[in-house]
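Letters A, B, C and D name the chains as they come in the text, with residue numbers starting at 1 for each one.
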Amino acid sequence: MIPVMPKDDCLEAFRKMLLIRRLEEACIDAAQEKRVPGHFHVYIGQEATGVGVISALDKGDFIYSTHRNHGHLIARGADPGMTLAEILGKSGGYAGGKAGTLHGCAPDLNFPLSSGIVASIIPIAAGTAYAMKQRKLPYVSAVLFGEGAMEEGAAYEALNIASLWKLPVLFICENNSAEVDRKPGGGQYHAPNNSIIEITDLARVMGMTTVIIDGLDLDAVWTGARDARARAIRGEGPTFIEVRTDTWPGGQWPTLVTGRTDIRHAWTNEVPSQYAKNAKWFTRNDPVLSVARKLLMLGIAGKEELQKIDISVSHQMAGAVEFANQSPYPPAEDAYAHVWPT
Amino acid sequence: MIPVMPKDDCLEAFRKMLLIRRLEEACIDAAQEKRVPGHFHVYIGQEATGVGVISALDKGDFIYSTHRNHGHLIARGADPGMTLAEILGKSGGYAGGKAGTLHGCAPDLNFPLSSGIVASIIPIAAGTAYAMKQRKLPYVSAVLFGEGAMEEGAAYEALNIASLWKLPVLFICENNSAEVDRKPGGGQYHAPNNSIIEITDLARVMGMTTVIIDGLDLDAVWTGARDARARAIRGEGPTFIEVRTDTWPGGQWPTLVTGRTDIRHAWTNEVPSQYAKNAKWFTRNDPVLSVARKLLMLGIAGKEELQKIDISVSHQMAGAVEFANQSPYPPAEDAYAHVWPT
Amino acid sequence: MAETMFGVTKIKAVGDLMRRDENVVIIGGANFGGLLHSQYIKPLFDEFDDRILRTPSAELGFCGLAVGAAIAGLYPIVTIGTGSFAFEAWPQIVNEAPNITYMSGGKVKVPVMFHALVGIRISGAAQHSARPQAMLMQAAGLQIIAPSRASDVGPLLQAARESERPTFWIDHALLFEETGGVEPGPIPALGKAAIVRRGKDVTLVGYSIDLVRCLKAAAKLEKAGIDAEVIDLRTLCPLDSDTICESVGKTGRLVIADECYPAASVASEIASIFTDKGWGLLKKPVKRLNFPAVPVPLSPPLELHLIPTVDKIVAAAKQLMN
Amino acid sequence: MAETMFGVTKIKAVGDLMRRDENVVIIGGANFGGLLHSQYIKPLFDEFDDRILRTPSAELGFCGLAVGAAIAGLYPIVTIGTGSFAFEAWPQIVNEAPNITYMSGGKVKVPVMFHALVGIRISGAAQHSARPQAMLMQAAGLQIIAPSRASDVGPLLQAARESERPTFWIDHALLFEETGGVEPGPIPALGKAAIVRRGKDVTLVGYSIDLVRCLKAAAKLEKAGIDAEVIDLRTLCPLDSDTICESVGKTGRLVIADECYPAASVASEIASIFTDKGWGLLKKPVKRLNFPAVPVPLSPPLELHLIPTVDKIVAAAKQLMN
């Protein structure tokens, strides 16, 4: 299952997935202490998608995200301390506290923006792809968004233009309601509200290459993104990738209903008794545990190595939390800065 | 070719098609005298669509249109004098001169509105269908729009909702760029700008019944609309009907580049020498001549009867022109009336 | 007490409209409160389950549907959600709904109510904090109501419904938990502001959450010996310049609290009255408290610094008294 | 003469921007004029064929594309077409483009120019006559330019481009055929109004087509012995209140011509200056000439009755002189 990615890349990807998990756990800790301004959306359960896609990209490529961007930032190599500081509205954040969780960015990493408006980021990402094409640069634009975005006309218009002009863009639709009954019309978050039951059908009738990938399969995601990128660079236009993940049981509100991830569960296959009703999460749905198991199975890493990674990641995250907590709020006058570019 | 529609309905439909033609000719006359405020869009070449669809509807059904609404109004039975008066901005028009050509309406005929904003009418029509369903009325809502509307997200969103909730609505897409090279990306009016080359594919992947009909085939249009209506009433949801018509050579700007229609060309098969370069229009593309030929061929009407209809229609239109011309402009104070309902 | 929350009264008012007429329906992708208030809203949605068109995230589409439903006999209350999402539906809200009656020479009515939780909801950051109301005042043919007090919400909804005008209900996320008298007043004439506190020294004008702030400021000012008159605009279109002029004619001093950005805002409009109709009534320059022309920052101290708070209203009024 | 038409100068100015920098591109579904003016625009589109992204009728999509292209090194000039179509793209124009620089703590620039032919174009009826400019003034972080004179269009475009700010170019359908001095002036500081006619009796403020009307009114007033000063706002955001105050400080009288609807309009904003910064400068009430709060009717006499015409400006100024 992890045959294509080089070994080092696998381990690095796993490290990032774990770092995302630890970041989100830290977010939830902070939220429980009422230190997170506003509401936020965690990436737990989708780590293999963000990390798989973004690991397959080049430094020169652009990345765009939505309200659910924490994981994408970390996957891109953003500093977890600055990421968390931004979420907390601190001056040490990437945008000095002005963006917060909804608008996570790391401009130096070609991650200019997350839009909190559902689907609104999709045309923007397509526009960056047009810039790449027009400026004859060998880079692509990748945008990650939820299946809910496919309900908005903005997505339709942008997909159409991108397909017409064969823009070098990767549309990554993170379908995190894949386990919900696919009968349309639920009318809720995390429920399919699209009469196009196979989400990729729209892109398909628009003439795009489409791919459907299991969101636990890091290698397939990585491969899918890598191939899509190659097609885009060759001038073959956009690819629409649907990555299906089962919804994290705690996704609706920031409480750790499956607890803090214990990496040892990957091999003990334990389900802590207080989480028995979410047993499936432990045995099947958790991408972090799932990838850990595959690394073990394929002999890419041993238990000790995984635990070493966990220790290093947890240590890194502790430093990040410290940084974010220590970082001061910006002074009030800062409110007036950066309305206009300088 | 006209086997399904009852004979009387055929003749009545033909009469309406001819009336539309005469109305548009009158519009162009008025425009050449600079008496039409603003620019307008004629329905010449699409008469079989509007008349076919609207003849299949019930009085209780609702009809919605776009910038290209003159023909739809007449097909619904609107008074040609009031229609023309409205186009000229006269007080005798359906909206007392406030709507003009872009917003043609005949509210008493359940034709509340035409929107001049491409695609904007589609959600509105779907909403009326929701009202029919919610109020348990045995009526449908029908909306006629161009293939250009399918480029707008508004169309996508409305189609999706209509399909999800099985609303009793008929989506009639009048594709008048069917003869244009269907390679996408032309970027012009009357050129396909949609990466979905088969327009019906979108509705199809949304789970709707879809139909493609030749816009010269009055009977097929009528039958298609009738069947779609029956499905909608049975609770089977919307139908998406694409009617393909070749573009009228003079459609881009109001000049009669194929001249004033001479109904006798249906049997003389003459192409007046000054219009030689548009020969195809006379021999194939003109729905009025085409339907006339079919009526003759099937023995539904003879030449004399057709000429009698023409005389009666032309007479009616002359009265309409007289009415519209005589109708005064509204007094200035009228500008303030009807901002709010009374 | 939950019973006296503005939000609870509001939900009841919506329910009353629906109970009175089976053609009143709810269309939309949201409800009438934030995530924290869904417990209060659920009973309403349960009661009227078959009169709710639950839609995808497709604001342009479902606001358009509401327009078409209104034309054909329903009275839709459209739950847009956060005020910023109204932008997605802008073509329907400002270029369809308000024009249709006029474009039909008065023959077609569009009785629809758009609802959104607008304003600085605290930590909504730049994209979830829009105040679209001043923009909406630029759409002739659109009525804008902004019930701010529990006693007013039912009567204003009823009046809007009876008017059969397309109406935008400017609601505010922070109003939900405000408490106060809930005894519904009489059904007001739309376009009539309310003097909610009589005073002689200075006029404070507000609406929605800013009205609440004005009332709190008036209480503080009273302790400082300043007798403020407080006006609740209630409707932004029509706007009641008469009542404002009458009050300022008495006090000669005006403070306006308005979360909108400064330029071409509700506050600009009110201030401008005194260059024309209200000419000569002011003794002092108008104090306008807007949110400065800065996108809304996430960081709490930055955001708080920019909001027209109670203290700023108090300070502005005191300055005018010197 | 065609050479001196505003429209011709405008097309040249766009071409100059494109010639100076190959990263300047055109994105959109329209061009810079109506159907009647395509002959003047075609050469530009021919010259830059490979720097034009011709798009479907998908304003929300292509305005969003322009934002993304601007972030990644292009300078897109977006041809939206009729001003009303800007509403289709509202979420991108008011809730994405203006927020991004701020949301990134100043790290991301969005150098994009949206262009639309706004305003009462004559017989456009209710849905094709929008004046979105006052609404746009409610979007903090969006610059709004409104070049009204041929001599200004090139310099203003260049200044906007150099500012790297997201900019909305308020153009007007009726400006195309206006003639006048075309010698381009110096590149102006953005946010600086121009006094285009000096006078001492009354200040006329306009922008876009209303500036043209003000100038014509001033000529008529001169014949009646009234010496009007005319101010061309040039930019609506930033808005130059200093220049307006200076002028009114001299004349004491102000007429504002503004095609927007009255409430929360450009004119409201300007008038409101005199309740604060410009306190005490007015000798007479402000005369605001807006398009009344009525959807735009098709019928020519109705429409004409509502427009702020030259004669109405003249009459307003005369009233102020009595």
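In the analysis below, a contact is a pair of C-beta atoms (placed from the backbone, for glycine too) under 8 Å apart; a residue touches a chain by one contact, two chains touch by 3 or more.
All values derive from a computational prediction rather than experimental measurement.
Give me the set of chains touching subunit A intersected with the set touching subunit C.
Correct list: B, D.
What does the chain connectivity look like after leaving out subunit B?
In the absence of subunit B, as far as touching goes, the chains form one piece.
Could you tell me which pair, B-D or A-D, is linked by more C-beta pairs in contact?
Pair with the higher count of C-beta contacts: A-D.
Taking CA centroids for every chain, report which one is farthest away from subunit A.
Of all chains, B has its centre farthest from that of subunit A.
Centre to centre, by mean C-alpha position, how many angstrom separate subunit C and subunit D?
Once rounded, the distance between the two centres reads 30 Å.
Please tell me the distance, in whole Å, between the geometric centres of subunit B and subunit C computed from their C-alpha atoms.
Roughly 42 Å separates the two chain centres.
I'd like to verify one number: the distance from the centre of subunit B to the centre of subunit D, where each centre is the average of its C-alpha atoms, in whole angstrom.
37
So which stretches of subunit C touch two or more other chains?
Correct list: 55-56, 58, 60-61, 84, 88, 91, 95-96, 99, 102-103, 125-127, 140-141, 292-295, 297.
Out of subunit B, which residues touch more than one other chain, so two or more?
Residue numbers touching two or more other chains: 96, 98-99, 103, 115, 117, 151-154, 156-157, 160, 164-165, 185, 193-194, 339.
Note which residues of subunit A are touching subunit B in the complex, please.
151-157, 159-160, 163-165, 184-185, 193-198, 201-202, 204-208
Quick one: which bits of subunit A touch subunit D in the complex? Just the residue numbers, please.
Listed in rising order, the residues are 62, 64, 93-96, 98-99, 103, 105, 107-108, 112-113, 115, 117, 120, 122-132, 134-135, 141, 153-154, 156-158, 160-161, 164-165, 337-342.
Could you list, by residue number, the parts of subunit B that touch subunit D in their complex?
Subunit B reaches subunit D through residues 37-39, 89-91, 96-103, 115-119, 148-149, 151-154, 185-188, 193-194, 253, 329-332, 334-336, 339.
Can you check the complex and tell me which residues of subunit C touch subunit B?
The touching residues are 23, 25, 27, 51, 53, 55-56, 58, 60-74, 76, 91-92, 95-96, 99-111, 140-141, 143, 163-165.
Which residues of subunit D touch subunit C once you look at their complex with the stated criterion?
Interface residues on subunit D, with respect to subunit C: 84, 87-88, 90-91, 94-96, 98-99, 102-103, 125-127, 130-132, 134-135, 137-141, 237, 239, 260-261, 263-269, 271-272, 274-276, 279, 282, 285-288, 292-295, 297.
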